[in-house]
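Pasting in a structure now, in structure tokens, and then I'll have a few things to ask.
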Amino acid sequence: MLEIKGKSIIDININGTIKSVMVRPADTLLHVIRNQLGLTGAKNGCENGDCDGCTVLVDDWPVKSCLMLAVEAIGHKIVTIEGLKNEPIQNAFVEKFAIQCGYCTPGMIMNCHGLIKNFPNATGKIIEEWLESNLCRCTGYHEIREAIKSVINR
Amino acid sequence: MIAESELEASRAVEMIKVEYDPLPVINSPGDALKQGAALVHENLGNYRIMKACTPVPGTNNANHVKIRKGDMTKGWRKSEVIVEEDFFLPQSDHIAMETRSVRAEIRPDGHIIIHSTSQGPYIIRKKLSRHFNIDTGKITVHTPMVGGAFGGKAAVQLEMIAYLASKAVDGKEVIIVNSREEDMISSPCRIGLEAKVKLGASRDGKIRAAEITYLVDTGAYSDMGAVITKSIASDCTGPYNIENVWCDSMCVYTNHPYVTSFRGFGHLEYTIAIERTMDKLAHALGIDPIELRLKNAIIPGDTTPTQVELTRSNIGNLPECIGRLKDVMNWEEGQRIDIGNNKVRAKGIACFWKTSSTPPDAASGAVITFSPDGCANLSIGAVELGQGSKTTLAQILAEKLRLDISRINVSIDVNTQDNLEHWKTVASSTTYMVGNAVIAAAEDVIEQIKAISSIVLRCEAKDIEIADGKAFLKNNPKKYIDITEVIHGYRYPNGNSIGGQIIGRGSFIMRHLSGMDKETGKGTPGPLWTIGAQGIEVEFDTKEYTYEVVKANSAIDAGKIINPMAAKGVTMGGMAMGLSIASSEAFIYNDMGVILNPNLRTYKSIRFGEEPEYLVEFIETPEGDGPYGARGLGEHGLVGIPGALLNSLSIAAQADLNRLPLTPETIWRTKTGETI
Amino acid sequence: MIGFDFDYYKPNSIEEAQKAYKDLKSQGKVAIYYSGGTEIISKARVNQIHFDAIIDIKGIPECSIYGFKEDKLIIGAATTLTQISDSAFFPLLSQSCRNTADHTARDKITIGGNICGKIIYKEPLLPLLLSDGEAVISDGEGVKSVPLTQIFDKELQLEEGEFLIQITINKEYIFLPYINIKKTKQGKVDYPLVTVASIKKDNKIRIAFSGLCSYPFRLYEIEDNQNNINNEIKIEFNNIMDFLPSPIMEDILGTAEYRKFVTRNTLDEALEKLGGVLC
């Protein structure tokens, strides 16, 4: 049985590499990736699971890292925005002007990336179901819709 | 509570026990002004007045602004039809995705260093200096790219606390990061408004008189609320030519969270009241709502409520905006169409205007230097909030220097010690103010390059043109030198050198602005008016009182559009925010004034899938003294949308909807007369 | 940030979980079972709950089963709402799960956590109540199976140390006519103003509600109060209102009167779909 009592060093698989981090069992994954690994792409927009600014992929599925304990990541594959390079969805966001202040963008892209991986031919309904998780205060969502559509319809 | 780690702070805070002594609660501006209401600020009469402000001691009125224009008796006499309506909208919040955060430290030599997610780094410097008696030269404020602001990050609040906290621990760096809950209710929010509008018109549809009362819910402290109250008064009638205006705009204390600037600076709030009343007036007159707006649209030659004379250059073309809107909305097919199955399609419109009201001496600056390879480096004090300020200013510079934009670098972070001051990045004024400073700096650069080049090319400065990184003879472009040979000094073949580093300097200060007269409101609050017409098409379910916003349209005249994609993006974002505020965003207070929805779980804003089909059109009437004819645009997509939604749903539900937010329950109650 | 500390245990079997709980109890420690954890983390952050240890059930194989075995559908307590909503095993349950929270949250929220938590809506519970589901529970000594309707009253009535392993549903319920309608105050992502879930079994309509009162419930009384006339099942709205187990909720989502209005419209729509009529 896995037991983690008090502050401990654990190994987690982040962006394809195993990293050792010092965690309290009460530390969230968001807190650990930002403060210990310097991966500040995932954002703390609400710390309550409402805005999706902290979204990372866990085994290719989007998860709110503010509602996941770091210790729960043991044995799973975590991908953050820093782990993506030149993905079609990232280029699409730039081309379609789907970024204004950029704060919601990492979470938005991780969610889109997960969607494309799991449902490469996603219908409009599935796109809406997935993306209603992410709050954006700047854009009004139109360009974001254009960006994801441009990748899915390729 | 100052602790060495977030964990310690979280633990320590739990150990504090607070005992409250309940005082009477003022829960609305109307209650605050009732006879015998408890006073939120008993000492109002002894407060020092920082800006032009007219508080009424002994009351909860922190600023009473008056507009007295024309002759009301004459106006009412000419009015054959009169309508009067009451409106209410509660406070709500900016909820930028990035919450506010600040770092403060004090160096051993007493120099204060602040890092802040602020729209106004130079205002932070000014306020810290003023309130704590510190020389401005001893304060440096750093601002990086900011994750959305919408006016909320113009407030100076956490910076004061962080400075005091750092002082308490011998100058060590202290960091404060707002949780979402704190960001919503401890840091300032958006004003609430109670309004009463009375409009009188002659049978031909010309509005003859307007009598308006605005009660601004400023919360527990007046802060920017007092200035917003003034801004509302200055544009109080909406973009209509009304000769006789009587307006009382009051900044009212309540026991709610205190307010700060919010996108639109009071304009989205009062526009709801004016635009609903316009629709009621149209109905009473038997005139089409669009026709009524066209008949009264304010145009060059007319005067504003503060008696500014409008010209071709300081205001956009409202009639053309309305005409364009009418076309794209297919207005002729009818405003309310029954489509069967308990569903109705309805269209509503609203017109809006807004000036960038600034202090009369608001100023900006820009400095241009060059890298040896000929890339221009632009140093400015404007903050990047997501509105694309850096890109727009780079475009202006690229255009002026006739240099490809890939050869322009812009300072991204703002550092008050190194970048020239820009008033603050608010009020849709950055392109206008900093853009003009950039153009001035570019002209300075061109003059210097021409001066040196004319010596080298052995001609007059006026014979030279500069483009694509070359200075060449207008008459013979083959005779040229690369600017790289000039920008860091020109060196003759024998080694003699002339000139030196080219440094472009430009500044801009607002001109001809003035305060408002205490009795009449006469004055010039801002340099220009962006104006527009917006419309909403809804599909309303008459059985369930639910609705879907199908189309949202904007026809806006903001002068020359420098970056069309960015302009469209920021406008659509504003439209979405307007829909969100109108349909679901609102603080909900209990009887004790406690906010029941201080997080994003319970405070609802618009999500992906709920947005309408957007149509945005720009009419480009050049602004006389704007950079390449540009006027302001950042806020405006928002301003008319709530009014348009209220109008379209009022038509759909065939009920007078005068309160926000427009939830199905609110519509149901209004329509069926069910009272709470 | 969660301001207090706790230990983390991840057992690999039911027995290990039971032992861990007993050991912690004997040390005087407060232990709680942990599945998706979204509710626990949110409440711990604002100090609404405290505990000394969590026992994560996601490593227990029986808790992660999701599929058919003979004539039953087995739903492990650690099955995520996305796993259920993306599957076609039990359409009504998939719909209830799909209506809960938002998609990213559903990748972490588990059905066990949703049913056993303190948040009052538990929309995925409604199909389970309607379909006479059985709760398979670890009770410290071993494993027992109890009808949900027996063990759910306002909350899942678990004794100290017990935890939910699985819910099982008889296959026959899966193909019954059903409907699930969620109404909210305004947008799609929100707690329900009222959710109505309904199935028709043996020509009787069963109805369950969430959000109407301060806990979810199946309205058993209405099942014996139906009149089948000309192949149309008539149900009286006033009967339903009379049989409600507690007063209609009144909160920031809506007033009681408005909820009543919305419920009437929703029942109207639901019954029509199932060959019934609301009068």
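Observations, loosely collected:
Residue numbering begins at 1 within each chain, and the chains themselves are lettered A, B and C in the order written.
One rule holds in what follows: a contact is a pair of C-beta atoms (placed from the backbone, for glycine too) under 8 Å apart; a residue touches a chain by one contact, two chains touch by 3 or more.
Keep in mind that this is a model prediction, so the values were computed, not measured.
Counting C-beta pairs in contact, the pair that comes out ahead of the other among A-C and B-C is A-C.
Taking the CA centroid of chain A as reference, the farthest chain centroid is that of B. Taking each chain's centre as the average of its CA atoms, chain A and chain B sit 32 Å apart.
Chain centres here are Cα means. That of chain A falls 28 Å from that of chain C.
Centre to centre, using the average C-alpha position, chain B and chain C are separated by 46 Å. For chain B, the set of residues touching two or more other chains reads 7, 606-607, 609-610.
Residue numbers of chain A whose C-beta contacts span two or more other chains: 24, 47-49, 132, 134. Across the assembly, chain C contributes 1-2, 4, 188-189 as residues in contact with two or more other chains. Interface residues of chain A, counted against chain B in their complex, comprise 24, 43-51, 53, 97, 99-104, 128, 131-132, 134-145. Across the interface of their complex, chain A is touched by residues 1-2, 4-12, 16, 20, 37-38, 41-42, 44-45, 54, 56, 58-59, 82, 98, 101-105, 107-108, 188-189 of chain C. Per the touch definition, chain B reaches chain C in the complex via residues 6-7, 10-11, 13-14, 543-544, 583-584, 588, 596-597, 602, 604, 606-607, 609-610, 661, 663-665, 668-669, 674, 676.
Chain C meets chain B in the complex at residues 1-4, 47, 185-190, 252, 254-255, 257-258, 261-262, 265. On the side of chain A, the complex with chain C involves touching residues 1-6, 24-28, 31, 47-49, 52, 55, 58, 61-64, 66-69, 71-72, 111, 129-130, 132-134.
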